[in-house]
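In what follows, chain A forms one complex with chain B and a second complex with chain C.
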Partner chain A sequence: MQDLSQTRLGEVIEASTTAFNAQCYELYSLPPLGTLVKTCEGDNELYAVVHRAFTEGIEPGRKPIARGKDEISEEAVFQANPQLSKLLRSEFSALVVGYKNAEHLHQYLPPHPARIHGFVYACNQKEILNFSRSCDFLTLLLNAKMETPSDELVAAVLRLMSASQEDTRAFLIKAGKELASLLGQDYARLKAILERIRP
Partner chain B sequence: MNSETRLGIVVSGSLSDGVSVRMDSHASVEDIVVGHYVTIEGQKHRFLGMITDVKLDASDPHMTFFPPSADDDFSAEVLSGTSAYGLLNVTPYLVIGDATKTGVIGPQPVKTIPSHFSKVGTSSDSDIELVFGKEDDKKFWIGNPLDMETKLCLDLPELVTRSNGIFGKSGTGKTFLTRMILIGILQKSAAVNLVFDMHSEYGWKHRNEKGREVKALKQLFPSKVAIFTLDEENAKMRSVAPDFTVKIGYDEIAPEDISLLRQTLSLTDLAVEASFSLRKHFGNEWIKRTLELEASEDSAKILNILNIHESSFQSLKRGLNTLKRLSFIQPHVEQQAVSQILRRLENGTHVVLEFGRYTDITAYILVANLLTRRIYDSYRERTERSIADGSAKPKPLVITIEEAHKFLNTEVASQTIFGTIAREMRKYYCTLLVIDQRPSGIDPEVMSQLGTKITCLLDNERDIDSVLAGTSGKNGLKGVLAKLAAKQQALIFGHAVPMPVAFSPREYGADGFYRDISPEQSNPKEVEEAIDNLWR
Partner chain C sequence: MLNLSHVAEQMELMVARLKVGEKDKSTRLATALSLLKDKNLDFAKLQDKAAKSSKTSPFLLAGIVEPLSTQKPHISAPADFSIIATDGSQVDVDRHQSTRCFLINIGRVRLDYGQNASAKLESLPLLYASDKDTVISIGHQEQMIEGPLLNLKRSVDECRHLVEMATGLPPTQPSLAIIDGSLIMWQLSSSEFPDFVVKELLDNGFMKYLDGIKSLAQKQSLSLASYISFPRSVNVVNTLRLLLCPNELADCSKHCCYKSIGQRPCDDIYGVQDQDLFFNMLNTGERSAIFTSQAKIVREKYGEHTVHFFYLKLEDEIARIEIPQWIARDTYKLDMTHALIFDQCLRGNGYPAALSEAHEQAVVSDSDRENFQQLLSTWMADEHLDYASSAKSRSKKTRWL
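Right after this comes the complex of A and B.
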């Protein structure tokens, strides 16, 4: 059973072992970059972090056109064209970073990808705290192939996670040390990330 | 090993160069001191080793080119212990096996190194005690390993079976260390001491550099120590009651003694040769007769017969005149000092020979060599007799000499009796305790025969090399030795200790020290009175 108190962000519309795409129910109600989200796959609860978000027309091949030439504000464009909010959609992509099976949390790829139409929720503080006890997931982020630079994503994830911690600095130091051991041979990259997460 | 004492894990190494230990992130390099002991928990054995070097390293060399900015505490904290870390170089010395499995009891010298990722931590007091043992009737407490509570105990009967050396720059605490070792020998071993005390420091009380009075052997063990002096007046001034005043007769001086003084008396080689010829010609009275030879036809004839050139003769005569000026040298002496010394040594009384005002090296070399040569002859004869007829062996003797490089330098070591003692006298129950500040001046052959070496700070490269020559793990010890504190720290290694130790010697003269070492110590007031009575 899903916990209904949680914020539902959207629905999976495309999924693979390493990532999934989800569409938001409302236009522009996108989670921030680096948000820890979850979705269900059978008995497993999959955890993922948002690495990319975008908004486009629902019909491929039909690009939106500029409509606001005679309007005084952006809101007025939508008021004059109420169909627009139905013709556009917001989507986000998330990288799978672990899963929970019968209370056991694993920070590596799950056996199966997420299911299409699976609901995607933002994790609450307790879940974030629970998940961030270990930083083993960082290796998945550092090695992922994606459009967003992975250093930016790692920094965004850690900034968001640290906000849920009691001791922000201690968490960032712990995560930093994990990064340092992963990027021992690549000091320039490590330095770039550390500069982005410095409290 | 708990997390507090844990320092890191073994990451690489070799038996010849020691192992590298990567420090844990919680351990700080600033707490590490070279010379400290560490225990390595290998898979099968426990190893005991010494930290010989500390190094900062980085997993990516770029870090050293672009370090985090000085105000970036966060990056510094993240990087330290991870990408930037401390490396310790540890030389393993002993292996402590599980006696039930290996069948070997007690620590053994290492023949291998601990495996990868063995945990390393600071040694506990009990580990050190296991190696060096407790104070008992043979072991004497000489100090504490650096920053440890454990007592470092030295097996003195074992120590005196070989010749030993105490080295260190001037003012590093050699004298106090020597005094303590002498007390140890006196208390715990069956050996007797004969100390050639150049600066009158070991027999009677003396002031340390802070001006505090410290007691010496005779005050602490009045019944076991005899003070001999060359200079009665000086003894009187210092309120010392000597047991015997040493005088040397002309007939006791042999050409061998003169040849040792070649440098100090500025004699030519031919002049030294001449002394042998003159001795052959005149017999025991050769010095008296040589000094009597005036420039006359007769004397020219003698010199001609002996094939001695006039200039060599004059050189020798100048030298002999210098000796003559030493007031303890007299034409004839009734009671020979050697027999007096030997008689006391046989009774188990330790002898300290004070030189009083004769602190110049000529007197010291002459007297020490002359007396020792006769003692050597006696020991040799008695040992050989004891082997032949099973009579009692002589009491083991330890002869203490200062400024040893003057007797044992490469040029004269082969000629002096001390060179012979260092090389072979162990068999005749006689060993040396060599005290010196320039060990590089001592003949390498003699240095290599010294069993145990105790050294305070040395900073001359050649001195360090010569002290450590032939020691395993020399390079590591070199760093430890050069980093000793200028005072109150020393390094001991060699025959009498299972592994090298950097230690702080016991504070000589501290509260309770005298009471600890000398239960028979007499009431100082009584002693003062007794002395006054003697001089009355």
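Right after this comes the complex of A and C.
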């Protein structure tokens, strides 16, 4: 797998204790749903998973309009209107799922939110492996209130994390057991997630 | 507060009046169009009468360069070209505050089309606060920069930025610099401003920057135009009035001084605007004949930049394009200006895309203005500086019952 140790995805533009929004430096350079990302807050390294991404006009009052009726390709639309790439921005939102302080990893909320203008990086394989040794973070995801259905997000996170494991099957079984203990009373929901992570 | 129910009654009367006037106006428009399209018109005679009457007629005439009935289609825009445009806005001096300062925000846009399509959009605010920056002075005479004078200073700044941007354009590729509004600095022709102000803003400002663009345009394929959307000018209609005037010289104060509007022979086309004429005559993409401005300030001050203009038919409206003389006399640059302006309007949904973006970069919204004042007062307070405001200003900000 490609080493993404220095892949800077964007910059925090809004932050709270439970989540942050980041703006990408390049249009459409959005991390996939469920990507494990990190940002620094003082001595803490905050970990979060991408739960929503969107592209919109920079200014709230300017709504994009259809421009491609007479163009042969989508690329031609941008060529004929070169200003568009400067007037649109891509953003993603991430749910905080833990933090690292002095080599100690915690899968619960950090004491402080991310900082505005903090750089956001994609976690590399080593960091993903380290983080996914425990699945305690699933509690935060299952209980989060957000636009994206939490079942979809949990499944996307586990699919991506499993791709970084040496033993994919063992990881998914461990995660499945954790989900079963958390969703024991809700068989339909558990089934829906398990169906989405089946190898 | 506005009592809308009272306004509505007055609006009803206004609309009724307009409806009656519309019928008369269409008759007058038909008359004007027939004069404009007249193939048997003695062009040289009209040209001569226009030139001779420019000082005796109270109407501002359009100087005639090409036959009035000219309709010219646009050439195709080249594959690769660049457009640069500037626009500006300002936060004027607040006379209710003790601190005297103003801000000019310039929006600059460069759009490259074709193989290497790209865009550069910039918003460049500049705060003017020192005594030297906020007045125009010569010897013991000085004029505070605020209100209409600030508008003029902003226009000069827009042109200065245009020159700066033009220096970075690729020399071999066709390019067009667009200014928003008129090339004619009308306000400077009023007696409101003393000569030293006119000299500073026009001779040492606007004209100097037009010189700069011209000098670059001599070395590269660069054109310059200003764009006026929905123009309300009547210069061409005024020239057509000469055809209805029975006198050798249109000396209105001599022949028609006791006649009221509607009684003069030339009133058969009264109320028609140039845009009405050309909207009915031109096809989309076509330009009208080239005309020259006979404005006093242009005749006296513009020299080689003497303002020429033509009308351009767009899908839904007529635009007035003003160009300096050196563009009007260069067929290649004139055709390129026509083609690129029209292309910009197509890309910008009826208004030049680059100007539209420059405006977006320049605009200072109401909330920006509030934030500006807030920031200024916070900064002053932090440094324990006096930031007194008038009681009137405070009363507007804090309303009570």
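Assume the second predicted complex is superposed on the first by the 194 of 199 C-alpha atoms of A that agree within 3 Å, B and C clash if a C-alpha of one lies under 4 Å from a C-alpha of the other, contacts with A are read in each partner's own complex, and residues count from 1 in each chain.
Keep this in mind: a contact is a pair of C-beta atoms (placed from the backbone, for glycine too) under 8 Å apart; a residue touches a chain by one contact, two chains touch by 3 or more.
As the structure is a computational prediction, the values presented were derived from the model and not from experiment.
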>> For the combined arrangement obtained by superposing on chain A, do chain B and chain C clash, or do they fit?
In response: fit
>> Looking at A:K191, would you say it contacts chain B, chain C, both, or neither? Reply first, second, both or neither.
In response: first
> First (chain B), second (chain C), both or neither: which does A:G176 touch?
Replying inline: first
> Of the partners chain B and chain C, which touch A:P82 in the superposed model: first, second, both, neither?
Replying inline: second
>> On the chain A superposition, what angle, as a multiple of 10 degrees, is formed at chain A by the C-alpha centres of chain B and chain C?
In response: 160
> What's your read, chain B or chain C touching more residues of chain A?
Replying inline: B
> Now for A:P199: first (chain B), second (chain C), both, or neither, which partner does it touch?
Replying inline: first
> Touching A:H117 in the superposition: chain B (first), chain C (second), both, neither?
Replying inline: neither
> First (chain B), second (chain C), both or neither: which does A:R8 touch?
Replying inline: neither
> Shortest C-alpha to C-alpha distance from chain B to chain C once the two structures are superposed, in angstrom?
Replying inline: 52
> Can you list the residues of chain A that touch chain B in one structure and chain C in the other?
Replying inline: none
>> Using the touch definition from the top, list the residues of chain B that touch chain A in their complex.
In response: 25, 58-60, 62-63, 66, 68, 72, 74-75, 77-79, 81-83
> In the complex formed with chain B, which residues of chain A make contact?
Replying inline: 169, 172-173, 176-177, 179-181, 183-188, 190-191, 194-195, 198-199
>> Quick check on the complex: what are the chain A residues that touch chain C?
In response: 59, 62, 65, 78-87
> What part of chain C is in contact with chain A in the complex they form?
Replying inline: 109, 111-114, 117-121, 347, 349, 353, 357, 360
